[in-house]
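So that you can tell them apart, the chains are marked A, B, C and D in the order they are listed, and the count of residues begins at 1 in each.
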Amino acid sequence: MIKAGIVGGSGYTGVELLRILAGHPAVKITAITSRGETGQKVSDLFPSLRRRVDLAFAAPDEAALDQCDVVFFATPNGVAMQQAAALTKAGVKVIDLAADFRIRDVAEWEKWYGMTHAAPELVAEAVYGLPEINREHIRKARVIANPGCYPTAVQLGFLPLVEAGVVALDHLIADAKSGVSGAGRKAAVANLYSEVTDSFKAYGVPGHRHLPEIRQCLSHIAGGREVGLTFVPHLVPMVRGIHATLYARLTREVSEAELQAMFESRYAGETFVDVLPAGGHPETRSVRASNMCRIAVHRPQGGDTVVVLSVIDNLVKGAAGQAVQNMNILFGEEESLGLTALPVSP
Amino acid sequence: MIKAGIVGGSGYTGVELLRILAGHPAVKITAITSRGETGQKVSDLFPSLRRRVDLAFAAPDEAALDQCDVVFFATPNGVAMQQAAALTKAGVKVIDLAADFRIRDVAEWEKWYGMTHAAPELVAEAVYGLPEINREHIRKARVIANPGCYPTAVQLGFLPLVEAGVVALDHLIADAKSGVSGAGRKAAVANLYSEVTDSFKAYGVPGHRHLPEIRQCLSHIAGGREVGLTFVPHLVPMVRGIHATLYARLTREVSEAELQAMFESRYAGETFVDVLPAGGHPETRSVRASNMCRIAVHRPQGGDTVVVLSVIDNLVKGAAGQAVQNMNILFGEEESLGLTALPVSP
Amino acid sequence: MIKAGIVGGSGYTGVELLRILAGHPAVKITAITSRGETGQKVSDLFPSLRRRVDLAFAAPDEAALDQCDVVFFATPNGVAMQQAAALTKAGVKVIDLAADFRIRDVAEWEKWYGMTHAAPELVAEAVYGLPEINREHIRKARVIANPGCYPTAVQLGFLPLVEAGVVALDHLIADAKSGVSGAGRKAAVANLYSEVTDSFKAYGVPGHRHLPEIRQCLSHIAGGREVGLTFVPHLVPMVRGIHATLYARLTREVSEAELQAMFESRYAGETFVDVLPAGGHPETRSVRASNMCRIAVHRPQGGDTVVVLSVIDNLVKGAAGQAVQNMNILFGEEESLGLTALPVSP
Amino acid sequence: MIKAGIVGGSGYTGVELLRILAGHPAVKITAITSRGETGQKVSDLFPSLRRRVDLAFAAPDEAALDQCDVVFFATPNGVAMQQAAALTKAGVKVIDLAADFRIRDVAEWEKWYGMTHAAPELVAEAVYGLPEINREHIRKARVIANPGCYPTAVQLGFLPLVEAGVVALDHLIADAKSGVSGAGRKAAVANLYSEVTDSFKAYGVPGHRHLPEIRQCLSHIAGGREVGLTFVPHLVPMVRGIHATLYARLTREVSEAELQAMFESRYAGETFVDVLPAGGHPETRSVRASNMCRIAVHRPQGGDTVVVLSVIDNLVKGAAGQAVQNMNILFGEEESLGLTALPVSP
């Protein structure tokens, strides 16, 4: 059994990790910490876990995290970078669900995240945990930077086009929409039920932290060429789900059928990427509570603009599920182990 | 492997059965029918099942249902009663998720359901599939009447009080609230998103078909004494969940602590009934997408009115999950097999 | 023009008062205060008021409240009682939308609200602002205790039965359901979108502050006789609306038609109480954003239990709208002035 | 008083027209028709109108529509074109809220709407009812083509950029999101509460009927130059609201401040278009139940892509409210008469 620890288990990413790991046949959760909830039973905070998770939150410095095989950080940005070095030294694999190890350019990271990085040397070593691109590097990693939710949906959508080199890289557009759970489980007026319900809005148009992450990765896929990206995130009155609507201009003639084949062949071997038949429109509830990403590709009215639709559950493929997928790869397990539950619909 | 067939698989109960059975380690779904969707792939109708359910809907008379070990009827009322006799004769177990076999008094049934019963002899034989009361009879049944969603939540809430004989049976009140999926997947203006959202209402106050079902069962639990019940169902703007708020008057002094102990001891051995600690308020999302029923018991201000709060997911413990629980009992499997997925929250 | 001031204008009751008063033909809003938002433009906080409300929040002690004709307190409990005496001395009418003046028994109030009352002499003088009962007293009041949202819906529902003396007063039951805006616009995890959506729960079963308020008023209506009430509030995943489902036992034979006539005649002259035709089920959206209360009365299956369904918009008839209705009465205006906007549906 | 008739009053556009017109000080609703609801009281279908609208639905051929001053068609496409000629001949103004008169190219219309046009001569005469562009023509029109909901939001967003000639017209992108009421009040599985809730999807990517309407109008604004537009509509789990996110590429240097000034000056005199301060993000609830359009303009990271955010209530500025605004212009009333109710928020 893989002994797993969770740091910062009282948020939505934390409870989703608990839900998945508690049902994972090869994992034993041995430690869970929360600064704010120390001493409280996990199932008192999350009654959905009653009878199945019999742990209490430990203080961060009292949990025997170095006895774990793997530690997940479901913490705010800036926590994992403080503790990762000691853990890796103790032989513990680290999977950070926050952003500490996602941006390779430390200066760029410090600009967007507004703090000094505590472990730049680990940034260089860390592997970006998007299995559909990086599977082989993940296998041997000590520190995994689990991708952001928007970046996962956007990258999987653009990936075949960028790899094939058929679209202009200077003016990509990602119009992305997220459910409210992406904002986390913290008391804030902006996320109150009465503020969010029956409303829709864009936010962060001048600049969102997922922009440099997406740009870096698409550039990497494009063999280092620079990528121009306009990224506009929106808040949807729903709990779970991300829908990315992507726009790119073709640089040479590619028929809609060829685009369809391009996507299908790129993802033919992937367990967690499902390309819909031509003409499809994936909806977020078709992946709810599952680790699946569903994608459709269109070329409306035969113009030179390609439209890609990509949906994930932000808490699963966009966070906890992808982290467990990475863990499975790290420990040589079947990649889908513990991740086979079907989406919940309706 | 248990060979399972589903009749009427295109509604919400059907897709929930598919979700559960497709992940059940001892089941193989061998047939699924739908009059309206004949020939269509199941996963075209329900994209959440893509890559996992590779069946097409068969016409009702072309499916080899008599080759199944068990057939689930996820049909409108009045269908199972037409086919159950032939199936049982062929040795196939029948689990009806509709109401055909729930009311023992056929005349009463015909009054509430507005049709002539086609198989009164099977009504006499059928077993009411609430495992927490009827486990031993279920084990040997040929036909199981799977309980209604409201009746499940209401009966499990009243059960300990009625068995203990501590409340007046002549004026029980069940104020029940259901999510919209309980109304099924049929085109009807009343169930449109724009009709239901940001609104709340009671319905069926003059009389609802679940009233005689609940009354019959509570009377049975009470050793045949007559039960007076006021039952008011309400529609909640949510997809899944039933919350029953139950009121009963104590006929003798029972302290709140004794009530708590009464509930805990009654359900001590039950996998799918969870009694919250004293003072608790279960919420429906704590059981979403799971087969659990959570219950709390209160005696407000020390008065003689007991208040019980009981929550289930109407599509799981109130329908498909309970049906699979019954199937497990019928076939000698572990009662929780295939039903261990944790609730999805948030 | 009536010069109106608002103390505590940054919550949902405050913004709803602003919405109504900004469109009221006989009112000029001359002052608005908010401790937390001092200096900010009202329409920066509430963009829905842009171009129509050109005020900034003043510090509580800098607003010239004593120059107003009327001051509304849309504050937490315990604020109005500090300032009401000075204002009334200055000839300003006070309408408190919080609970400071609702409970006549000061000791009882202090028990439920956990503080010492600062103005017990005004409690004795204050008039309970439910126009359908107290219109004549309201006309001459200096301080009006605007009723709570639950109490408004529950009292208007029970009123005809209690006045007619046809139901047992010792075991009344009010099973009430509220939208989330009732919890106010304050940062709290429990009211986050992701906590509330697709879920339903009861709360405060052991005791809720609206219980003594309702009990006092029903007792008053009953000529001082004691009233036994079980009150269970629930949280509905919707923004606006209260639905009260009321249960009472008949003490003598009254036919359903007589009950219907009793309700219709009691409310015949009321602008803001609408009795539905026999057999009706009011839904909360039929009163959304309006000051209307809609009521239906049932006697299910001819038993001796009467069921009353009563709906209001908690922010309007349950708060700001009723406050304006009271203001209209106080100043001799048409009772419906500024309150004639039709409900918004869907 | 303006005598107004409504044809097809049983849908969401119809009930919204009723809500607005019933409160309009210069209008008397004299006729309302509905094929499906003939004889039924309007307020039985829409209880929100009880006590305020005392009309019954008439059969289409029995209503004295030719006695009206103006007739609104809140019907499916293809109805108004059958009746408009006779009405205009009788001196009745016609305002069609459907699409019959929106597309000037009849062949194009017939292609997208799949029927033969019954009154091509009126298409040539009809005036496109977007007051912010066409006010003077509206004043003298006999037939007004009320714009679609998406086209209203999209055009008002692009208008200042296109008029100023600062963006490339060949690759405009409109990523638009609509609440579910836009799909109308008809029984359809796709619009059920349980299908739409907690989900998000694009639809009609290969081609949506609002595409040619938007393209025609933007081309008209651009002095007849051709416009290349990619239009992707999405369904949001909310009742009311449209949010258009618009992308255009600058063809010459225009600073963000200049863009802001360009929008502010273009809409300086408009009652129903509100340009937010620089950096703003309008949310749909800030216009709910009102005729307002709120717009913000951004130039993210100083790149050459302009992003415009434009929100309306699809049932008001996107349908019934704009129709009443057009009626006010037609009859020489104050343009905002009857349209001054503030948005309902929360």
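The working rule: a residue touches a chain if its C-beta (ideal position, glycine included) is under 8 Å from a C-beta of that chain, and two chains touch if they have at least 3 such contacts.
What you are looking at is a predicted structure, and each value in this text was computed from that prediction instead of being measured.
**Student:** Steps needed, at minimum, to get from chain B to chain D via touching chains?
**Tutor:** Contact-graph shortest path, chain B to chain D, evaluates to 1.
**Student:** Hey, what chains does chain C share as contacts with chain D?
**Tutor:** A, B
**Student:** When contacts are scored as defined above, which chain pair ends up with more C-beta pairs, A-C or A-D?
**Tutor:** A-D
**Student:** So the centre of each chain is just the mean of its C-alpha atoms; given that, what is the distance between chain A and chain D in Å?
**Tutor:** Those two chain centres are 38 Å apart.
**Student:** Based only on mean CA positions, could you tell me how far chain A sits from chain B in angstrom?
**Tutor:** Going by mean C-alpha positions, chain A sits 37 Å from chain B.
**Student:** What whole-Å value do you get for the distance between chain A and chain C if each is reduced to the mean of its CA atoms?
**Tutor:** Taking the average C-alpha coordinate of chain A and of chain C, the gap between them is 45 Å.
**Student:** Could you tell me which residues belong to chain B and also touch two or more other chains?
**Tutor:** 12, 179, 181, 185, 194-195, 197-198, 237-240, 282-283, 285, 288, 346
**Student:** Spell out the part of chain A that touches chain D in their complex, as residue ranges.
**Tutor:** Spelled out, the residues of chain A in touch with chain D are 171, 173, 175, 177, 179, 194-195, 197-203, 205-207, 228, 230-232, 234, 236-241, 243, 245, 247, 249, 279, 281-285, 288, 296, 298, 300-301, 303, 305, 307, 309, 311, 346.
**Student:** Applying the document's contact rule, which stretches of chain D touch chain B when the two form their complex?
**Tutor:** Residues of chain D touching chain B: 12, 179-181, 183, 185-189, 191-198, 237-239.
**Student:** Show me the residue ranges of chain D that touch chain C in the complex, using the header's touch definition.
**Tutor:** Per the stated touch rule, the residues are 12, 15, 19, 22-23, 46-52, 181, 185, 197-198, 239-240, 274, 276, 282-283, 285-290, 294, 340-346.
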